[in-house]
Amino acid sequence: MGLRFGPDYPEQTYIKHAYPEHLVDLGDVKMNYAVAGDASLPALLLIPGQSESWWGYEQAMPLLAKNFHVHAVDLRGQGRSSRTPGRYTLDNMGNDLVRFIDIVIKRPTFVSGLSSGGVLSAWLSAYAKPAQIIGAHYEDPPLFHSEVDTSCGQSLRQGVGSMFALWSKYLGDQWSIGDWEGMKAAAPTELLPWIAAAFPQSDEPPQNLKEYDPEWARAFHTGTVAASCDHARMLQSVKVPVLFTHHFRRVDESSGFLMGALSDVQAARAKELVTSAGQPFDYKSFPAMAHSMHGQDPNLFAATLIEWAKTLL
Amino acid sequence: MGLRFGPDYPEQTYIKHAYPEHLVDLGDVKMNYAVAGDASLPALLLIPGQSESWWGYEQAMPLLAKNFHVHAVDLRGQGRSSRTPGRYTLDNMGNDLVRFIDIVIKRPTFVSGLSSGGVLSAWLSAYAKPAQIIGAHYEDPPLFHSEVDTSCGQSLRQGVGSMFALWSKYLGDQWSIGDWEGMKAAAPTELLPWIAAAFPQSDEPPQNLKEYDPEWARAFHTGTVAASCDHARMLQSVKVPVLFTHHFRRVDESSGFLMGALSDVQAARAKELVTSAGQPFDYKSFPAMAHSMHGQDPNLFAATLIEWAKTLL
Amino acid sequence: MGLRFGPDYPEQTYIKHAYPEHLVDLGDVKMNYAVAGDASLPALLLIPGQSESWWGYEQAMPLLAKNFHVHAVDLRGQGRSSRTPGRYTLDNMGNDLVRFIDIVIKRPTFVSGLSSGGVLSAWLSAYAKPAQIIGAHYEDPPLFHSEVDTSCGQSLRQGVGSMFALWSKYLGDQWSIGDWEGMKAAAPTELLPWIAAAFPQSDEPPQNLKEYDPEWARAFHTGTVAASCDHARMLQSVKVPVLFTHHFRRVDESSGFLMGALSDVQAARAKELVTSAGQPFDYKSFPAMAHSMHGQDPNLFAATLIEWAKTLL
Amino acid sequence: MGLRFGPDYPEQTYIKHAYPEHLVDLGDVKMNYAVAGDASLPALLLIPGQSESWWGYEQAMPLLAKNFHVHAVDLRGQGRSSRTPGRYTLDNMGNDLVRFIDIVIKRPTFVSGLSSGGVLSAWLSAYAKPAQIIGAHYEDPPLFHSEVDTSCGQSLRQGVGSMFALWSKYLGDQWSIGDWEGMKAAAPTELLPWIAAAFPQSDEPPQNLKEYDPEWARAFHTGTVAASCDHARMLQSVKVPVLFTHHFRRVDESSGFLMGALSDVQAARAKELVTSAGQPFDYKSFPAMAHSMHGQDPNLFAATLIEWAKTLL
């Protein structure tokens, strides 16, 4: 029997955080979230990345709270929010957020999401209800790159995909396998070399992975997550101004593989599609920044987001 | 060049109806609908079936309007509502209706849907926002039967699936092929015999097909429509009382094929799952009734729906 | 780290058998096999079922050897034959056998296969090289039932499919996970009840499973094994006489689920397609027989096969 | 009703050629072919590309016949060979050729294939029966590029994929739609611009397309053709020396799209995998050459092939 984590095993899974947590019933899922800042300030919704929970924003929240009424959420399959076997799609996750804005935020909001959360920020900028979104920040989002059969550049398989395959296989949907030792042992042979070299070998899973439903990894690896949500079509439908921060990325010349969330070609394509849709696209490159600027440099993250938001108020 | 219909060809596609039509922007799509009855009466949402538009309820609406504030919609890809290539899924259509209730109906509502619209009625009974739905009528819904790899009984391929394949192939997504003559010529060889025998051979497409995006047929035929919405899991999540009307059905003994929307075994399985979820399941069998009771016998339809709704008020 | 079995771990995997084993290079795979009987007798090829190896025929071989020059093989992914990740399809397995007949048997042959091996017996009767096959025995073959989106009757999911899903998940491709304890613990919740009740709870895997590549289970569960080999089309192409033995089967009235390899409706459909193709179809029902007659009652198996073969010589 | 071509309409489909045609029964398909040269010379098998028939080699054959006993074939779905709905895979096409070599050529042979035929040349170099292949020429093969979810470089969608989608949609499996005018009209909107610019606008289909089963295009567009034949794994299994000719290719810097059969990165990856498998890989770049050197410059083609073959005799 392997390790077991998740909502069915709360005592071995969750720890205390700096902000109180709340659970709201959205009908399809129950969503966990934390709030900071004064309700008189402009609203901000923060969407964590894959294998992150809301408290990935714990350092950034007090900084953002000076200018925003901040809401940081756990998506379905993250943290203390519901698990939804067979139903992890961008469309379902995006519509969860539409409901969250309706029920909890209750007014137009800024949105900022990291990585897969950045793709969901893009989703909201295209498909949310009218007037829900003021502007959308995509923090290092794997646009195109997290598609299986993408229309532009490296697909998931030509980047971090083997890691998702490994997580899915050795941890199992809803931590049903939980073979942490087997996963570490398999990493050198089942991962691409540059991913294997950076793969964590800790004795037990880090806190963020304990709170992660590994079925997410399967949904990305097999492509079901975006099967009915083509990224190019989504970007053609964007209806609000966009801030795009692009962090470390490198294309290996000999293999063509991508290290990072998306390539320069992919970012340029995203810009082309959004601007063709008539929306401002504020592109900022931080080529030395880690994937999570809000984790690595919360001050720069907050300053960048606040500065851009001011231009829209 | 084949025939062309749809929102890009309004003059050759649409005709006038007995109720005024309205278009509401839901963010992801624009949805067309008609209203009847007094706003002081309980709300009712009517969801047409595949290849039907809102005006399939034209005869039933005045009858229902005596007891309900009636809203009949065109789903995405139907009538005058938006076309959304690549994005026809139960989850997206269901969330369109969640938004419609929020923005247009604005209060708890009864819901009744036919066929694929009945599956969406089931979707709303399971996945809508809290307190949106009072009760859900599933009118002859192809539960399980409209899945490609179903957990119970005949899959789509063992029933009407070959007709969807034919529509998709000869009409094309968004009527991009429009080969009406080719379709009629192919019907005898590409359809199962009992479907071919009933296949319309009219000189031009009937009005309802002109208003239908044939990509619906592809989404069902290939299974993308329900790929992330397993019917059994959905029925296990039902949260409101259900009225289920089961119309003509017959299982061919020698081939096991299903004529009709779902078999007795499939209906019993639906009942088992909904009642296990703790909800009342009012099953009414009309074995001689056509697929659309609201079209075939609007009086019986209205009486049945009104009688059941009264038990919930 | 879980249990490890297969060709990379020969000492913990394989045991000695009553017949010597041989390995032949077919180009795509190396195939293990055993031989019995005199080369002057008619040739017979025996194809074991899923999770069986050639020595499943160990009791039947001496009985058959009185009338045949018997060859029993391990398919790719069975016993001592090659593992071929990503390449387990009926077409590839069938073509392995075409090559085996060419290179080892070298003359027209009878063929008899159990279960998935029976489906391959059907494959050979339809798609082998001209004059390779004299007649084909399908021993309780899951025709239609082992398809994911089948044209007739219960799909895999409506029968033994959950067991393949379980094997795949907890054992892993090429025994890469090997979580025997986890699999036993998950059986009651992840299997259909009637399968769970019969699921083995032995301390270690039985010999036949040690020799089985669990990627087979994944190929069936996800449908890749038959994705380009529709069963109905295959049966329409049969070119030689067929003996069909149908063993225990039962359809549960309330759920429609199938216990057994294929239903009476599915067997009748197979007969209809083969006879329409102009070939004799000798149907014999053994409703009380276990799935493997050659294992359960080798004498009856041998007698049945010998009697039928005589009619073709 | 659209245009109709193929084996069911021979008079409107086929024309006379410079070499006599033969039809051999391979069991699974009947294969059409032509022969040139003396049977005392080394054997050569020529495999045409997608939408080509054997007579694409008509100019090259007399040149090659000075040094080889030449066999040029129609693959399943090409020319006068069988149509096999639902069964167009690399594995099935490759095994057809294994049987053709067995039954017609009957001795070790050189093999040269263009484009998809070049991928099949790679397949034979990896998966043919032992000693069937002396050496394999890959003529401008879309390795990796013709995969849907490729492990290296541009997938089909990032190159010529939209053309296959168009062919599939407007011509239909086995020319069942045949909407030539509709296809020409749709080309400007459904094709990538640089493909649309070069798309033929002839009044009727060119001879090669008449002989082509458009289901090939669907098999590539949807990925079924290589679903169980990963290119990287295939190249890791190569067992004979390889000649690789790489023709015109260009990667568009701004979009990353590929014009041509495969990029330099993809060719280098192919070389790396084949040489790691221990086989010589003779790479020759012809950056100004059209996709078919055997059509464009038969003399150079023959000279290149003959010179390389001599090194292996």
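Going in written order, the chains are labelled A, B, C and D, and every chain counts its residues from 1.
The rule we apply is simple: contacts are C-beta pairs under 8 Å (C-beta built on N, C-alpha and C of every residue); 3 or more make two chains touch, one makes a residue touch a chain.
Note that the structure is a prediction, hence the values are computed from the model and not measured.
When the contact pairs of B-D are set against those of C-D, A-C or B-C, over half line up by residue number only for A-C.
Of the two interfaces, A-C and A-B, the higher number of touching C-beta pairs belongs to A-B. Rounded to a whole number, the gap between the C-alpha centres of subunit A and subunit B is 34 angstrom. Here the spacing of subunit A and subunit C, counted between their Cα centres, is 45 Å. Residue positions of subunit B with contacts to 2 or more other chains are absent. Interface of subunit A with subunit B (complex): residues 25-28, 85-89, 91-92, 95, 98-99, 102-103, 127-130, 132, 224, 227-230, 233, 239. Partner subunit D is touched in their complex by these residues of subunit A: 148-153, 155, 157-158, 223, 253-256, 263, 265-266, 268-269.
Partner subunit B is touched in their complex by these residues of subunit D: 1-2, 169-170, 172, 176-179, 181-182, 185-186.
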